[in-house]
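Two complexes are shown next, each including chain A; its partner changes from chain B in the first to chain C in the second.
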Partner chain A sequence: MSTPPPSEPALPATVAVTIDGRRIDVPRTMPHPVTGAPAPTTMMQACELAGVRVPHYCYHPKLPVAGNCRMCLVEYGTPALGPDRKPLSNPDGTPKIRKAPNPVIACATPISPGIEIYTQTPGVKAAREAVLEFLLANHPLDCPICDQAGECQLQQYALEYGHAQSRFDEAKVHKPKQVDLGPRIMLDDERCILCSRCIRFTRDIVGDDALGFVRRGSHTALTHYPGRPFDNNYTLNTVDLCPVGALTSKDFRFRMRVWFLGETPSICPSCGTGCNMVIGARENVIYRLTPRSNDAVNQCWMCDAGRLNYSWIGRADRLAEVQVPGPAGSARKSGWKAALEALAARLGAAPRGSVALIASARLANEELFLLARIARALEALTDSIPRAGEGDRLLVHPDRNPNTRGAQLLGIAADPPGARLPAIAGAIREGRILTLLVFGEDVTRHGIGLDELDRLDLLVASDVLPNATTGRAHFLLPGAAFAEKSGTFTSARGRVQRFAPAVQPPGSARAEREFLRELASALTGEAFPDHASGLFDQMAREFAAFRGLTWAGLGAQGVALPANPP
Partner chain B sequence: MIQERRIILEHLDRAGYTPDLGCYRRHGGYATFERCLALEPAATPEGQTLSGPEQIRLEVRRSGLRGRGGAGFPCGVKWSFVNLDSDRPIYLICNADESEPGTFKDRQIIHKDPHQLIEGILIAAYANRVHQAFIYIRGEFIEGARILDRALDEARGAGLLGRDILGRGYDLEICVHRGAGAYICGEETGLIESLEGRRPYPRIKPPYYPAVLGLYQCPTIVNNVETLCAVKHVAAMGGNEYAKLGVPGDPGTRIVCVSGQVRRPGYFEIEIGKATLGQLIHDLAGGLHPGRSLKAVIPGGSSAKVLRAGEKYKLKFARPDGKEIEREAALLDLPYDSASLAAAGSMCGSGAIVVLDDSASAVEALANIAEFYAHESCGQCTPCREGSLWMHKILQRILRRQGRPADVDNLERIAHNIPGGRTVCAFGEACSWPVQSFVAKFGDEFRQMTAPPP
Partner chain C sequence: MKVKQQPLTLWERLYLPAVLEGFRVTARHFFRRKVTMQYPEEKWVVPEGYRGAPYLVRDPEGRIKCVSCQLCEFVCPPKAIRIVPPGPAPNPAAGRVEKAPLEFEIDMLRCIFCGYCQEACPEEAIFLMRDYSFTGLSRPEMIYPLDRLLELGGTHADSVWKWRNK
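Up next, the complex of A and B:
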């Protein structure tokens, strides 16, 4: 009965809109944040493309639209049409615009051809002021003890659209405070502005419909599903998403004012995904890790496990002293220079083929590059330690090492990683391997036991924390955590990304690349650059997989490995 | 003396009229539906052939019937937004979440003549290719839901529901769904959210117009109980005949609920525009209590702007020659139709007239209304959520004799900052229009109550 619709002429891919008097062409559709399907471009998206900031609370580019805060109200006009449905013109020939009587929310209103959006009119300003006054009416003014202070959108817009004097003269609504939502999240319902970002995130992005609103009107309160704590591996993202101080991280709350934190761009070392992040630190102490937006990797999310994987960096038992062999098998403290000279001499004298090198896939590409040159000079058997876990569909990669790909591309790790470990263990037992260098791993937990270590003539270990392997080492070289050095990781999907130091390593501990450079020079006679950028550029020249990449070119967001290296 | 014009309420309240199927059929019930089902394709003067359902839709469009839930949107136009040829099911929802204070008409039909509603649903569903309909009934109407369920069982037993209805190959199921006990569940998109099992947060329009993306993201028609009953009478009389009732632009009859300070509050079915507010109050509702004078009328449910006694309004009339003339009318001379009430700055809304006499305090009356809206704001949009409670708190404080001169300005400002596109749904208007109008029209009482002590 129904006839197929006549094939419609293809619509142009862009739409001309005018924002505050400036004309701009924007795409007709943009990908839906969750499904990725093309969805009509909204006024908010058009404004973002035009570089026009529209204040908002509930809107978030990575979440489905809710449209509840009403902060993004804008005014608009559309081309006026005559009775014949043809556009009307002004006397000067410009299209006649009919201004809409009511403002609309930019986040949910699609654009249309020729539309004019006004974000700076007195009416818009008045609407924003009114929304802000409503939001503040029942909001506690506890900024001095609120963790969000300094990065609070309510504070931010109060500066721009707020009144100095409150006209709200009534008793505020009281709601639950210190609500224990889950193992990592604390909620203050009085601070909540009911934007529902956290609800949408955990429901639509994580797939854990754990949060919701109860009660009604101004008494509405956020809560978790009764009897089930809010406990998935992504809960801490709700703290970032929360525009106010309602959701706070139990790990971070009350520990530091955010404006005291230095922010250092870094890469999460907890799995092969390589989430971009920011290290928040003050006076050599790390206080928090937060995601840094990168649409090619982690959008703007991070898993809880990765975020909280930093407390070991400040542990009191960090390895902080260089040790060299002392009299009668004992170890004694040493300076770096003497230790590296002695070690180079010992290694130089080791018979070729009697050396094995196990380097962690948690080391940076530059460090693994230097280790690869050392291994080549010593004709050493090499491998890394695999670290497998369970992955998920969002961010967590089953490979818990951040740089397995780099370790393989640089020739350190076997394929699969760890495949050569049994052979190394066997060769030690048979006395063919007499020298073992271990960087960043405890091999006693991976098939090379204390018995084997005791058979060695020379055990060199470098690490940041003490373990059974470092306990047996003849030479102990204290290294640096990821947050204490520069370098790059190659993610499991082949993206090379830079990280920078936020804090200093303790005592004599040094970034591995600093002492490996000296050791490699001593063993090969070559000179190596004394900074990560030079090492990276040299590595990229020498290893086909990295060819064409430069440290500077990696930028803040990293670069994918060339698919078909020349 | 004006008389009712009972069409929907024709049999209600008559001695011996019972809500069962047998009684309904004895009074001619379901004959219209059977005729609709039997409609043969018919040719139009333009040479088109219209199927039975198309003919019904045409009649409803011709009738000009406007929705009786409150917004007054033309029913036939609403139906025309539905794409009948999409591959998705089309749903019909009967909105029986009657909650607007002052409104008590739908429940009369449900309790006393449920089969009339079911017949209306059957006709509307058949006309729009609907095979699953819902009656979303206000949560508090427990007995109403039982009555409907009983009536649906009877209809099913008589072959009027289910598969292959009356052997004519049409399938329809009707499901009664009890509401979640909130005023906002009556907002059509909030209702759909609630029916889907979520909080009844009204949806953003665009894109979630029910006719396009309604229940389960399928095309959906939401009609009020009284509207669906009127559809039955449109189908019975024919659209042109129905349109002769009432006034142009607002045809038919509607059930008006008169309450407040009158002697005989109740529901009355009148021909639209053929009775004035004064006739409704005095002739039908028994007038004011002895010795009282009229103070104000809320003409269309508690969210409608209040009209103050003594006000004069300019009404426009179309003369037979088509020319428009303007006439001044006093409050009680206002004909009860949407154009007249709009000219007076208010609305017919849900057809609920609340009468206040000179014993009532405007401040107390408004405080009562504001309390309701503060309690019923769903809390989704900031201005309504915070503004409705704020206004309520100010008014309660004024009633406690702790008012301040700034309160009047504050009430006006808050009520100005909630409506007008600042909220997802019309609740923003509903909660602020009473405040705007009461403060504007009874400013003297508010200023007196908030004046500093001498």
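Up next, the complex of A and C:
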């Protein structure tokens, strides 16, 4: 029934419920997590809206409800009705509530007008303890070796509702351990509590019906489709979803205990989507990237490719020394101050119009802003390198650069990015461009070959890892990876999001922002703020596309660009 | 507050009686049983249950009991313990042992013998033993690696057999 007949009064949009004695109005329906169609609001959703925590394993706000872990049992009562179907009242005038005889699962029970939900009664507590005792009956004592320990819901609720001693005298059911589920996932069936979150995620969110339960009773086990590994690009989300340590990441397996990891909010630099994520690092080593919830961008998911794109940050061959031209075409190490002074003098002396600047669309907005100022001062021809791949319907964007939009809005990248590269290559061959600045790219793989680089009077390269361009550079400025600096990216859909440093760059390497600021000051005579927040605010004042945005206003979730800048 | 000093009595001012009293005490101890130990030539035998330096133990079948859970590293107040977990690569030589430390170091210069590691250990793999005195010629020498800790710790006779039925 899509529209009610006109004679019937429309149902009110909200329903009054009472949760643990507190009255709250909640929407009658809420969108279904997968289809988006309105579905009746459940007790669990009402409790979440009221800020009341109900323990659960199988329920997840972004997945369809399964209702099989039974941990979210609550008691409830409904308004009592008389024989005339009219609500009865207590002597003091309050509506009479008739308590239901048995507890119900909050995740799958819809609310009704006037319902009262009790989450803290002795009966509820006893029900939770009983459910947990059954879940722990066959659970192995693996916590010391389990990667989930420390962020395990079973540990958490065992602490709150568990018994110190097991009453289970029987032999535990042993199931397969160390099951190779796919290239990135390791399964331990003994730890699995059969919540089916992973099955629902890969079936309903990814659309790859790869996982399922086999066998019966206490021998039920999770497995993948026979002969087909669980290898879609979103498998590692099941590791986050798994409330226990059954599904673990092969990449993170046995590498570090989670309580040692410092957590830094960041943005994934692997494509234009700009998934929000958390960098887990300890003592300057990154151990894992996990998604951070942002309903405007990535819900709470992240692709496997993005998650595993961090090992290069700790590589031993990182550029860590500043190099300046030495005697007779050689390169020698230098300090930053001397190198930037010499470089500013060389650039200042370069004839206007003889300079080209190629800046990666992997740089932050603030860095591209400073580069745009340098390019304006030198009247340089600028562009970025396009990096196209295959997109998908969920998160992966065809543009593999995280900040192409920002590079275009700041006037660095052409539209489409890379359109000016042939012109720059041609101008170098013709000798019109004698100075080339390359930031964060290897131009020899993008149409400007070693022959062209050899024709240049001055090649300035800044990068994180060595490549053919940095090998030919006269001035080499070691930069920092995204996890080593703060800044903002503008996603392909026009959302400006902040990231923060989690680790330190190696050796003399510095965040590009820091040395570009000094270089830009030397070339333009202006003073620039020495931190990303000040630079962002200045950029937002000067560039119409970012007008009205402030660093502080971006917050943890980012802000969409103003649609029609004045 | 000002403390008023009592003036010395005549007996005290005579000085010699106090000296003789001192001699008397010395002479009394001179003929008693000696309690001073000629350390380090003579070593103290620690009593049973003494808690000195922490070492790692093996189970009766010779397997490393430590599973590299790093709880001792976390709890250690002077941060004397350093563990490198094994990482994801499977180790066929380890047999049934799913997880064991790649490296395990205790800096004996830092260790204060507090016993928190033994208390935190869920696997009964680390015990405070009877050694209390450490000497070395360099700092690196005083950082005991995994094999040395296991050698010093020996075997712990217990009934847990964690890896036997895995």
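Criterion: the second predicted complex is superposed on the first by the 559 of 566 C-alpha atoms of A that agree within 3 Å, B and C clash if a C-alpha of one lies under 4 Å from a C-alpha of the other, contacts with A are read in each partner's own complex, and residues count from 1 in each chain.
What we mean here is this: a contact is a pair of C-beta atoms (placed from the backbone, for glycine too) under 8 Å apart; a residue touches a chain by one contact, two chains touch by 3 or more.
Since the structure is predicted, the reported quantities are computational estimates derived from the model, not experimental observations.
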Room on chain A for both chain B and chain C (clash or fit): fit
First (chain B), second (chain C), both or neither touched by A:108: first
Which superposed partner A:255 touches (first chain B, second chain C, both, neither): second
Contacts of A:500 with chain B and chain C, given as first, second, both or neither: neither
Inter-centroid angle chain B-chain A-chain C after superposition on A [Cα, multiple of 10°]: 90
First, second, both or neither for A:80, with chain B first and chain C second: neither
First (chain B), second (chain C), both or neither touched by A:296: neither
First (chain B), second (chain C), both or neither touched by A:34: neither
First (chain B), second (chain C), both or neither touched by A:144: second
Contacts of A:342 with chain B and chain C, given as first, second, both or neither: neither
In the superposition, chain B vs chain C on chain A residues touched: B
Nearest-approach distance, in Å, of chain C Cα atoms to those of chain B in the combined model: 20
Contact footprint of chain A on chain B as seen in their complex: 85, 182, 199, 201, 204, 206-207, 374-383, 385-390, 393-394, 397, 404, 406, 410, 413, 417, 420-424
Residue ranges of chain A touching chain B (in the complex, touch as defined): 1-2, 65, 67-71, 73, 101-105, 108-110, 127, 130-131, 133-135, 137-138, 167-171, 173, 193-194, 212-213, 215-220
Contact footprint of chain A on chain C as seen in their complex: 67-71, 74, 85-88, 98-99, 122-123, 166
Chain A to chain C touching residues, read off their complex: 143-145, 149, 177-178, 250-257, 259-260
